[in-house]
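Note that chain A is present in both complexes that follow, paired respectively with chain B and with chain C.
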Partner chain A sequence: MLKKINPFNITKAVDLSTEEIESLWIDVAGGDADAVFKPTSLMPLLILGGKGSGKTHWMRYYSFPLQLFRFHSREVRPLEGLREDGYIGIYVLLGGLNFERFRGRGQSDELWRGLFEYYFELWLTQEIVQTLCSIKSADSGLTKYEPSVCAEIQKLFSDPPASSLLTFKELLEWCASLQQELDYDINNVLYSGRFTTRIRATRGTLIFGIPKLLSEIVEEFRELTFSYQLDELENITEGQQRYVQSLIRERKAPATFRIGSRLYGIKTHETYSDDEINREGSEFKQIVLDHRLRQNSEQWDDFADQMVLRRLQVFGALTERSVSIRSIEHIFENPDLSRDSDVVFKMIGSPPPGTGRHFDRLLKVLKEGLAQGRAPGISSQRDIERIAKAVELPGHPVLEKINMLTLYQGWYRNHSLPKLADQIAVQAADFTAGKSKGAYATRVQHYSSDMVAQLLRDEGKQIPLQFGLKNFIRMAEGLPRTLVVALRNIWDLAIYNEREEFIDRISKEDQANGLLDTAEWFMQTMRKPGADGTAIRTAIERIARLFETNRFADKPVECSLLGFAVLERELTDKTQSLLQVSEQRSFLIRTTREEIDRNSQERLAKFQLNATLAPKWSLPIARRGIVKFSPGVVDIIFDPARAGDFEDFHKSWKAKMTAPFFGGTRKQEAQTTPSLFEPDE
Partner chain B sequence: MYDVESLKRKIRRLNKAVWEERVPGPTLSDWLECFQSPSRTGVDEQLQMLYLLSNFLYFGNLEIRHLLRVLFAEFCRVPLIEAVRSENGDTVDVDVIDDLYQKALARTRFLGVGNPSESGVHLLYYFRQENLLPSCLFINHIQLPGMEGAKPEDTSEVDRYIFLDDLCATGDQVSDFSRLVVTKMRDAGSTAQVCYHPIFATTRALARIASAGRFDEVASVAEFDDTFRCFAPESRFYKNVPPPIDRAQAEAVAHRYGSILCPPNPLGYKDTQLALGFSHNTPDNTLPVFWEQPNTKIPTWKPVFHRYPKY
Partner chain C sequence: MIHYDYFFRKKLSIEAAWSEDWDILLSSWDNSARVKKCYELATAKRKLWLIHPEYQIAAEDLPVEECFTIAGDEAEGVQALIVKLEQMGFDLKTAKLAVDITGMLRPHIALLTRFLQIKGCRRFDAIYAEPTSYNDRENTKFTSGDVIEVREIIGFEGHNRVSQDREVLIVAPGFDDVLLREIVSHKERAERIQIFGLPSLQPDMYQHNVLKALGVDTPLPEETSGIRRFASAFDPFAMSTELSSIVSGYRLRSAATRFYLAPLGTKTQMLGAALYYLTECQHGMLSILYPISSSHIPGPSVGISRAWLFKIDFDLCDSLERRSKALHDDQEIAK
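Showing the complex of A and B:
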């Protein structure tokens, strides 16, 4: 039982308190996060990931405020704790200082660059001096070093203060006043036309100089790594990133960097150091958080389970002191939608034998086929009735749908329908009698989910069919925030709809509606502004519509279709670029296993639609089906201006899967050669 | 295209963001259960009523308090300052304006319409808080000119009386009230300005009160014209709405249940047809299907919004 509290309300790590960051921390690397983050390593690390992949949580976890929190818990003096940790994390959010100000207004780029570099030096200096203040207030052991540290820091400035500053506090105030002067100049340069600020430190003087002198003066800092943790690199301009890259290249021990950025946030690896380019492995290492989790589903499942449990505990949603993840899973209503359960039969109104919307559809297309001469082997109404009778399996609507699918597949190949229906009846009888191998069994295994979706949609029950925590974890695609948002939405609904004081069951309707809300949120929050954003949104919606058409067709080209393959290098440059952005924004997931094209023997890139979006179009979440699209079709999909071409393609795509014509015209024979706009099967 | 699920989603969001969580899921379900889907005539009553509910205008505590600030600014502070400036050669001297404004405000009194237990009077407390007014500017009806409890100093030092109200939907209440109170004030020879300022009013009611001529000034903060009447031909709720949402069907449903629940006024008091609620109450001008309690004819009825009736 759960209290009516939503433990998933906070979805961003920046909104969590120090204590919450600590208590919600899950060691994603299976007990050895330090081996991934390597906080003591001097090698700079880029921590990349999609929006909501956990970058900020990682970086804040290794920042000084969290270290201090842990020292208190361990009852260790900060200086001693830092010595034991071997590092100190100086965390800053790059988006916080409005770096857009450093350009234009009648001043040269060179001037702005110089000012930005100085500003950045001052900013990080204040962060490190502030950290020293915090250490001093918690550990008097630092006091004896204070005068000499202050004196040495002042010497790093080309124009030190008039009178010597003896305490960290005084030093901090002086640095803040220098930054204020600079802010004033920057804000008023449009009116004044000139700068009065004098630059007192060149690139790296303070950023690298201060850690060096601290390690020389403070005994406990002798072996310490000073880790500047710069988060949200995507929020600064390319030129400013080039400066950060220069710092990475020119870094001096004991300082180093941990840099957090979205996948699309790295605008350059170029530096101002002789225009050299930083390269992975030599100047920096990088990890992509969501890729790591996606590639190791076991690790992701385990991480997600722990994250859910921890949230429930930390935010006080549990009524019992300890619960297992299994008992949490049981809270979610999870109807058995398998072929041998009677849930689906009941959900479609328990139709009498040979009736129901699926039979209505079959009879309609058989009649139409007969009238148009497009139903092989059928010459009378009696034949139609015989076929309908042959595919009947009362009480087993999913298997009846499998029978009909088999019939449609044979129909597409111009097989005699009465003969085929007889064969299907035999295969179905064998299968229900326990024969679990062969083509029929494979078809059941592959298509059951699609057939359940069809049966329910025919009854007007257009709800997502993903229930239970395991499915939500799968759908989040390695993005912790996506999972948290899905659970927040589901919990909100459960609380809203609960009559009792406690929640002991989360209904399938609440789960379904929560997932629909999450899909909408995902479309909104992940999108890119501007024309490219529109193109990507259009493309994702088009791909989803094609997959939806396939899922609800008489004869789908693929079972559980959620992905496509394409010869990437044949795409236009624009499409390639949009495809890349779609991937960076997590709308599409590039699957690691490439496919060899049968004709050209070339490697095809494979992409899967993010499963979070699946409920919006009633799509499956299993990564089973992949359809091959020609490069020309993908170019159409990604070009919003080619709406007409896309609709033509969609029409032909749908027609090919629809009885009785399967893409042929009324007078043509069944079409067997794919047209330009048809997918390869 | 509206369907039950998308409307429920909208209502859920409204409930969280605007309706102060007055309509939790079970309340909505219980209310919906009172309607048929579909009815014997084939009308999806639940869908029609859900759509209507999704257009319900709710003003919570914060909104009412804000509107009271607007009311004071619009109908008291600004006119007083304008008068001060105009009487002093359009001065821009802030000290002069402030001094004279304070004096003018001190010669103003605020009252509620109706007796002390009614909503017009209950607003005065919030009105005073929100506009940082001294309590001496608020008086009882018996202190008005012509009333038994009035003292000479109570009336001679006042230039204007401002009567506040939450809603003036038909004008019946304020008409009765003004006939008794304002007429007496005039008969007693009061020359003070007498104003009536509800937060909300229908265009029809405002016109009616103004034409009666008892008040010197009649105006509301928000005015509801006929487009706010749920089933008026010009109803804003049914403008360019695609089927299956249908104004005539919805009216028939609201009328059918309203006739059983509240026979004299099936579509709200004197056919006002509003879909309006406040944090402090739901007016009887709102469709009874939203607020009316069960009766012997429909004992299982459950309203979606609560109304505290006036006896």
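Showing the complex of A and C:
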């Protein structure tokens, strides 16, 4: 049982307190996060990941406020603790600095660059001096070094203050006044026409100079790595990133950088240092958080389980002291939708033998086929009734649907339907008698999920079919925040709908609605502003519509379709770029294994729709089906202006999977010439 | 906090010509009935239409009267306009100036107000005409292109501080929910306060406004206490007062709060935000944000229901600021 508290309300690490960051930390790297983050290493590290992949949590975990928190727990003095840790993390959230103001207003780019660099120096100086203030207030051992550190820092400025500053606080205030002077100048340059700010430090003077002098003056800092942890790099412009890249290239011990950015956030690796380009392995190392988790599903499952348990514990939602993840899983209602269960049969209203909407549909298309001369082997109404009877398996609607699917597949190939129906009846009988191998069994294994979805949709039940924690973890695709948001939405609904004091069951409706809300949230949150954002949103919706059409077709081209393959180099430059942005925004997941095209023998890139979106279009979440699209089709999908072309394709795509014509015209034979848009089966 | 009720406002007739003896009227052409009506009723020695290229109005639909194109961003556009006015022989310190803000783009409203203050103008009249309705009710779009970026309005950029411990986004949502989403996403870690226009321009517009603001991480009703505020939709001074109240309330709790204002609703809300900034927040930790769109839809409104005149008096701003400062100093001494 759980208390009616939502432990998933806080979804972003920036909103967590120092204590919460510490207590919610899960060591994802197999028990040794330090081996990944390498906080004492002087090699700069880029921590990349999709939105909500945990970058900020990583960077804050290794920042000084968290170190200080741990020193208290370890009962060590901060100076001693820092010496033991071997590093100090200076965390800076770049998004809060409004760096977009450094441009325009009739001033040259060169001037803005100089001002930005100075501003950045001042900002990081304030961050480090503020950290010194914190250390001093927690450990008086730093006081003896204060006058000399302050004096040496002032000497780094080309134009030091008029009277000497003796304390960190005074130094901090002076630096803040210099920065405000610059803020004021920027805000007024439009009217004044000129800057009055004097630039008192050049690139790196303070950023590298201060750590160096600290390590020389403060005994406990002698072996310390000063790690500037710059988060949200995506929020600064390309030119400004070039400056940060220059700092990475020109870094001087004992200073280094840990840079957090979204996948699309790195706009350049170029530097101002003789226009050199920073390269991975030589100037920096890189980790992509969500890729790591996606590539190791065991690690992701384990991480997610721990994260859920930890949240429940930390935010006080548990009624018992110790619970296992298995007992949490049991709280989620998880109906058995397998072919053996009678749940689906009951959900579709327990229809009498040979009835139900799936039979209505079969009879309708057979009659139409007969009328149009498009039903091989059928010459009368009696044949139709015989076929319907042959595919009947009372009480087993999923198997009946499998029978119908087999029939549609043979129909598409122009097989005689009465004969085929007889064969299907035999195969189904064998299967129900326990023969678990062969084509029929494979079909059951592959298509059951799609057939359940069809049965429920026919009954007007358009609910997602993903229930239970394991599925939610799978759907989050290695993005912890997506999982937290899904659970937050589900918990909100469960709390709202539960009348008792405690929650001992989360209904399938609450789960389904929570997932639908999460899919909407994902579409809104991950999108990109601007024209590209519109193109990507349109493309994702189009891809999802195609997959949805496939899932609910008479004869789907693929089972559990959630991905597509394409010869990427044949795409237009624009489509390639949009595809890349879709991937960076986590709408599409590039699957690691490429596919060889059977015709051209070329390697095809494979992409899968993010499973978080699946409920919005009633799609599956298993990564099974992949359809090959021609480059021309993918170009159409990614071009919002080609709505007409897309609708034509969608129409032909749907027709190809629909009985009785399967894409052919009334006069044509069932086997038709493949069209431009024909999906490769 | 400062009460801005001291500023003068009056309702203008929409039946007869106004007898205001202005030297010049500036009005942005958006092809709407209310803008045309105000231009017609205003009694000014000279009238100048301002053309915003963002409206993408065809040449044949532009007015035949004297025009000036405001090109570029708000800084380039307003700067060029000021030069134009000076070339036309107006001394901005003494000229009797009327600015119809009805069709003007929001960043330009803010920056023009600041530019006039810098140029020594002591007061000017702002005109705003309310529509009877909008073309597509709550689904009316005011921007047609894509949001290129969300940024601070030039000249309304506050100071940043290393010690800033929280960010607060005060947003006045309009019908265009795309703009709201862009703002929220840009400052997603900020606490959010919404100011709704109430009384609204028309009775149903408040409901529409609330409806369109739903869905962007909508808080539950019990969570809205203190984060849902109201200010008269037509009155810039009500907006200024509300902002002053919200910000001073936060400042009492924490001086290191960084504020962002995003007036996305009526044009008068933007004027009110600009006035508040110029009176209380120059050199403070507060900025005005706006989602910059590539194009805007000209004149999506229907008819004209009321017209207003607001006297923007910079001397009064100075007095109020001095008084507020004195009060603040007294309180500090008393502590």
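The definition used in the following text is that the second predicted complex is superposed on the first by the 680 of 681 C-alpha atoms of A that agree within 3 Å, B and C clash if a C-alpha of one lies under 4 Å from a C-alpha of the other, contacts with A are read in each partner's own complex, and residues count from 1 in each chain.
Everything below uses one rule, namely that a residue touches a chain if its C-beta (ideal position, glycine included) is under 8 Å from a C-beta of that chain, and two chains touch if they have at least 3 such contacts.
Small disclaimer: the values here were computed from a predicted structure and weren't measured.
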| item | value |
| --- | --- |
| Partner chain(s) touched by A:219 [first = chain B, second = chain C, both, neither] | neither |
| First, second, both or neither for A:130, with chain B first and chain C second | second |
| Chain C versus chain B, contacts on chain A by residue | C |
| Which of chain B and chain C A:602 touches, first, second, both or neither | neither |
| Chain B versus chain C as contact partner of A:15, first or second or both or neither | second |
| Which superposed partner A:493 touches (first chain B, second chain C, both, neither) | first |
| Chain B versus chain C as contact partner of A:513, first or second or both or neither | first |
| Partner chain in contact with A:531 - chain B first, chain C second, else both or neither | second |
| Chain B/chain C common contact set on chain A | none |
| Interfacial residue positions of chain A with respect to chain B in the complex | 492-493, 496-499, 513, 516-517 |
| Footprint of chain A on chain C - complex, ascending | 73, 75, 79, 115, 118, 146-152, 154-164, 167, 181-182, 185, 188-189, 216, 258, 282-283, 287, 291 |
| Sites on chain B touched by chain A in the complex | 5, 8-9, 12, 15-16, 24-26, 29 |
| In the complex with chain C, residue positions of chain A that touch it | 12, 14-15, 95-98, 100-101, 104-106, 123, 126-127, 130, 172, 176, 179-180, 183-184, 186-188, 190-191, 524-525, 529-531, 533-534 |
